[in-house]
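Both complexes below contain chain A, partnered by chain B and then by chain C.
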Partner chain A sequence: MTTLIILFVVALLTTFVGFFAPAATTKKLTLLGMLAALVGLAFTWGDNVSAFSGLYRYDVFSQGVTLAMIVGALLALLADCDFFERKGWPAFEYYALISFAVFGGHVMASTTHLGAMIVGLEILSIPLYALAASSREERGYEASLKYFLLGAVSAAFFLYGIALYFGSTGSFTLGAEGKGLIFNAAVLMMLAGLAFKSALAPFHWWTPDVYQGSPTPVTLFMATAVKAAAFAALARLVVSVGLGGPWFYALAAIVLLTVFWGNLAALVQGEAKRVLAYSSVAHAGYIAVALFGPNPAPSMGFYLLAYALSTGLAFAVLAELDDGKGVPISELAGLWARSPLLGLGWLTALLSLAGLPPLVGFWGKYLVFVEAAKGHQYLIVALALFAAVIAAYYYLKLLAVALFGKAEKVKPLKLAGSAPVGLALGIFLVVLLGVLPGLTYKLLTLASAVVK
Partner chain B sequence: MSYYLLLSALLFAIGLYGVLARRTAILIFMSVELMLNSANLALAAFARGSGNLNGQAMALIVIALAAAEVAVGLGIVVAVFRSRQSTAVDDLAEFRG
Partner chain C sequence: MIHVLIFLPLLFGFWVLLAPQQARAVGLFGSLLTLLLGLISFGGVLSGADYAYQTPLLREAGVYYAVAWDGVGAVLMLAVVIATFMALLAAHDVPPAMVGLSLLMESGLLGILAAQDLLLFYVFFEATLIPSLLMLGLFGGAGRVRALIKFAIFTLLGSLLMLAGILAARYLGGSPSFLLKDLLAHSLGGGAGMWAFAAFLVAFMVKTPLFPLHVWLPDFHAENHPSGLADVMGTLYKVGIFGLFRWALPLFPAAFAAFQPWLLALAALTALGAAWTAYAQTEWKRLLAYGALSHMGIGALGIFSGSAIGASGAIFLLAASAIYTGALFLFAGGLQRRFGTLELRPTTGLAKAAPALAALGLILVLAMVGLPGLSGFPGEFMNLLGSWQASPIWTFVAFLGVIAAAAYGLSAYQNLFHNAPGKPAADMDGVEWQWGTLAVLVILFMGVYPKLFTELIMPGAKAFAALLGGGQ
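Up next is the complex of A and B:
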């Protein structure tokens, strides 16, 4: 409960304080609020609370997902975009909307009731539609409109699935007994709706456009927090219906399509944010691999945190380079020489995304693959591993450009505002959790299973 | 009850067709609303059929959600129209690949 209350109060406070205080104050307030939510999370870690007659379910899985979301939000708040800052972006609404989105994500991750879940989904999504357009530029509008239309369609699918679920089981709570055509259709429609949000192929086509067009800090938030919340809901749904019968093949097809499509499409992109968008699609596939194990919650929670840290760091670096037109790969040339901190951040982020030890991304991949192997799905593990090898190629290519490329611009980059803090924090955590993965994994294994 | 369900499935299908076939943002958006309301119809029909009023309550919540979505969505459409003088989605093709 504490975390829920803190997040809600932060969202309200940032909304109203913004009316009379400058944006910088709102930013500090939001940062403090997120830190307070982290403290609240730490004090209630391990609790297993059910409140509001079962609408709110606060267990270790929801705590892990919330941790990943808050980390993503912190990185998004700390990443200053020099270009946008000069144009007066972000306004205070940015911080208020981020707070609301985190609150919605927390609701979505901490419920087994489908009604609360879709309300959380909308509290998470509606601020993001506005955030994508918040830079008031053509590119942002295009991204926002695409995100909005496809997001609304996915919500409609999810909702129709809920209606059918209610019709076939007489309940809105996950885990209700059901069978027959209507029940199957209900679960498939809900899966499709959540697959949209978590960017699983073949429901991922909005991802590259939206990630490329939104302001980079917003993209950072989408790639970390939104993905975590959507996967929390997806995991609860899949665990509650079990993997027998038709879901197994549907999910296996989705996972394999996602890892291969994401990685192969990333190979041919010429824009760094777009490459990371396709890489985010591929990572959604790896996360979903955990669903084939007997107890997906801990490894999935760890992967979500690892991914939030690594991709958050990568987007935080890109936010510094973004001049409102995106970041073509050639722009990365000589990054190391222009700013060692950015270079180091880029190096750790990409190696972690590629899954090289001893960084946190390696342990994430290791844990989800071991989890699926425990469920005896060796073929899926082998194919996903193969896709991860393809992925190493484009990560290393991006890295090589940054490290060895001849810089066209030799002007050193000056980092302003809170960006160095965010970058240093990201690098520190990626390395620390890479060396000592037990620190968080132990916390996450307190959950014996995703609670039905 | 099954007639209502058939009607709701039909409405959902029409909405989906509209989303796929229409080329202006407003019409796509209206089709989405049709899909949401077909779900409401299904919820109300199931609630009536089983005597479980939770379904009706859910339909009310969904109406509120749809209203919130309309507010933000129309705002975005207006912003796009101001910057381009058109809401045809085919014009929104800056990003490719």
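Up next is the complex of A and C:
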């Protein structure tokens, strides 16, 4: 409960304080609020609480996902300060919207009741439609509108699924007994709705355009926190119905399509944010691989955290380079020479995303693949691993350009504001959790860490 | 002690990277300290210690930080610390970051040799790739990005497949952890064992390397920094034979038995084909790359024979070639410095102008050719002896490769030193005397008194042969 209350208070506070105080104060307040939520999370870690007659369910899985979301939000906030100050955008709402989105994501991750889930989903999504357009430029509007329309479609899918679910089982709570055509259709529709949100192929079409068009810190937040929340709901749905029946094939098809589509499409992109967008699609596929195991919660939680750190770090680097028009790959050249911190961040982030030990991304991949191996889905593991080799190519290409490419403009980049803190923190955590993965994995495997 | 030895180069490596002013001094001091620690540890292993240590790294998933020096690991460890020191001594004109990256690689290599947990081994194996890629990418020649992508994709293809194999080996085999002893007790057979073995095989064939997964190697050496430092570290990183010996074959004896005839053929054809190709090269580094490839083919033949004598020959060859191949790459660096090119043609007739350099070159080339009394011979001999029992025909084919070594090695030497007198050039300078003396001493010692090393290798090799159910 503590975490929920803290997040709610932070959302309200940032909204009202924003009217009276300068944006910088609101920014600090939001950062403090997120840290407070982390503290609340730490003190209640391992609790297994059910409140509001089962609407709210606070267990280790929701704690893990919330941790990943807060890490994503923190990185976004730290990276964005400089970004927005540089552009001079009067965007205090920005911080309130982020707070609300984290709150909504937490609700979505901490419930097995479909009604509460859709409420959480909407609290999460609506701020993001506004955030996508927060640059108040043509591309931002386009991204926002696309995101809104497809988000509405996905919510409609999800709602229709809920209606059918209620129709066939008489219950709004996941885990109700059900069978027959209507029930299967209900599960498939909910699956499709959540697949939209978590950017699983073939429901990922919006991802590259929206990621590219949104301001980079917002993209960072979308790629980390939103994905974490969507996957929490997806995991609870899949675990509640089990993996028999038609949705096994549906999920297997979705996962394999996602890892290959994401990675192959990333190969041919010319803009760094689009490459990372497709890479995030592929990573959604890897995360979903864990769903084939008997107890996906700990490995998914770890992967979400690892992914939030690595992708967050990569987008934080891009946020420094982006002047609102995206970052063509050729513009990365000479990054190391222009700013060693950015170069180091880029290096750690991409190697971690590629899954090289001793960085955190490796343990994430390792744990989800082990999980699926425990569920005896070796073919899926092998194919997903093969897709990961394809991914190595474009990560290395991005890396090679940044580190070894000859720069046309060698103007050194000066980092200002809180960006260096965010970058250093990200690098530190990616390496630390890579060397000592037990630090967090231990937390995620507490006895109560089972999704129900 | 063992942790200090493994991670000391890492510390010095970061020191050099963060404070590059005194790169050479710090790098030399670090690698010298590592060398001394290595010698002390080696002495300890000789008198029966194994420095074993283990603690859980990821207890819930059965991953351990488990390290030890067995005889085989200790011999190769010694080769790594000597070769790294020698290379850092020789490469006095490299950018500071290269020194740092070499030390990082040394740490990774020592970890590879010491790891007693399969996943830990994998972590070290992959982590070493990062500095190696950086070294190639940052300081390589004009075609470096192409060479880098080739190298990285081959390595990653192999190692990600191996990761799938690792998971299969543990979870299908029913082992409680990734520790070597647990995995050996729960060996995986049947069809799944075949697939898992094949996955390991691809990874180690890339890193041995063996035909047809060797195509990254010539580009890797040709495009790397001309000083030869990166080539030495790259040579040390070719741990495929060790991987086969320690992990792939013992874990899947049944699958290996089924694959054995094909593998012997592949190894022998690599030995001969690479020697043939080496003969046609007109550039020193490419010639050396193919020559080393041919030797690795012979080593793989010894491993694939499944016999104790063949396996110990392979390990000995691996250790010896780390020194003489490394020294040859450094020698090539010296030539590059003198002539600005590594083409074999324009640098003829050097023996008059630089007699000491010619002598050093001759010793190194003869070690590569496998002259008795130098370090190349015992390994090759034991390899061929072991593989003769497994397959006389393929041994004969590989033997042709050994003969060809004399052809390409000596003709390259002749071109370089003994044709019509060419351009004048400086003889060996102080630095070259230092590393050259070190290399020659080690090569002579390993050639004259191989017993010291083979006795350490033998128990491991016998256990290896017993696991495979093979000869003496």
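Simple rule for what comes next: the second predicted complex is superposed on the first by the 439 of 452 C-alpha atoms of A that agree within 3 Å, B and C clash if a C-alpha of one lies under 4 Å from a C-alpha of the other, contacts with A are read in each partner's own complex, and residues count from 1 in each chain.
Rule of thumb we're sticking to: a contact is a pair of C-beta atoms (placed from the backbone, for glycine too) under 8 Å apart; a residue touches a chain by one contact, two chains touch by 3 or more.
Keep in mind that what you see is a predicted model, and the values were worked out from it rather than measured.
Participant: Could you check whether chain B and chain C clash or fit when both are placed on chain A?
Facilitator: Chain B and chain C fit side by side in the superposed model.
Participant: A:362 contacts which: chain B (first), chain C (second), both, neither?
Facilitator: So A:362 only meets chain C here.
Participant: On the A-aligned overlay, A:438 touches which partner chain: chain B = first, chain C = second, or both, or neither?
Facilitator: A:438: touches chain C, not chain B.
Participant: Output check: A:35 vs chain B and chain C. Expected answer is one of first, second, both, neither. What do you get?
Facilitator: neither
Participant: Counting only touches as set out at the top, which of chain B and chain C does A:162 meet: first, second, both, neither?
Facilitator: first
Participant: When the two structures are overlaid on chain A, which partner does A:378 contact: first (chain B), second (chain C), both, or neither?
Facilitator: Touch partner of A:378: chain C, not chain B.
Participant: Could you say whether A:388 touches chain B, chain C, both of them, or neither, answering first, second, both or neither?
Facilitator: Second partner only.
Participant: First (chain B), second (chain C), both or neither: which does A:403 touch?
Facilitator: second
Participant: In the overlay, answer first, second, both or neither for which of chain B and chain C A:149 touches.
Facilitator: The first partner, chain B, only.
Participant: Give me, in Å and rounded to a whole number, the least C-alpha distance separating chain B from chain C in the superposition.
Facilitator: 24 Å.
Participant: Check chain A for residues that touch chain B in one structure and chain C in the other, and list them.
Facilitator: Correct list for chain A: none, the interfaces share no residue.
Participant: Inside the complex, what are the residues of chain A that reach chain B?
Facilitator: Contacts found on chain A: 115, 118-119, 122, 126, 129-130, 133, 136, 138-139, 141-146, 148-149, 152-153, 155-157, 159-160, 162-164, 166-167, 170-172, 208-209, 212-213, 265, 268-270, 274.
Participant: Taking the complex as given, what residues does chain A use to touch chain C?
Facilitator: Contacts found on chain A: 298, 351, 354-358, 362-363, 366-367, 369-370, 373-374, 378, 381-382, 385-386, 388-389, 392-393, 396-397, 400, 403-404, 436-438, 441-442, 445.
Participant: Would you pull the chain C residues touching chain A in the complex into a rising list?
Facilitator: Against chain A, the touching part of chain C is residues 56-61, 119, 122-123, 126-127, 129-130, 133-134, 137-138, 144-145, 148-149, 152-153, 156-157, 160-161, 163-164, 167-168, 171.
Participant: What does chain B use to touch chain A in their complex?
Facilitator: 5, 8, 12, 15-16, 19, 25, 28-29, 32, 35-36, 38-40, 42-43, 45-47, 49-50, 52, 54-55, 58, 61-62, 65, 68-69, 72-73, 75-77, 79-80, 83-84, 89, 92, 94-95, 97
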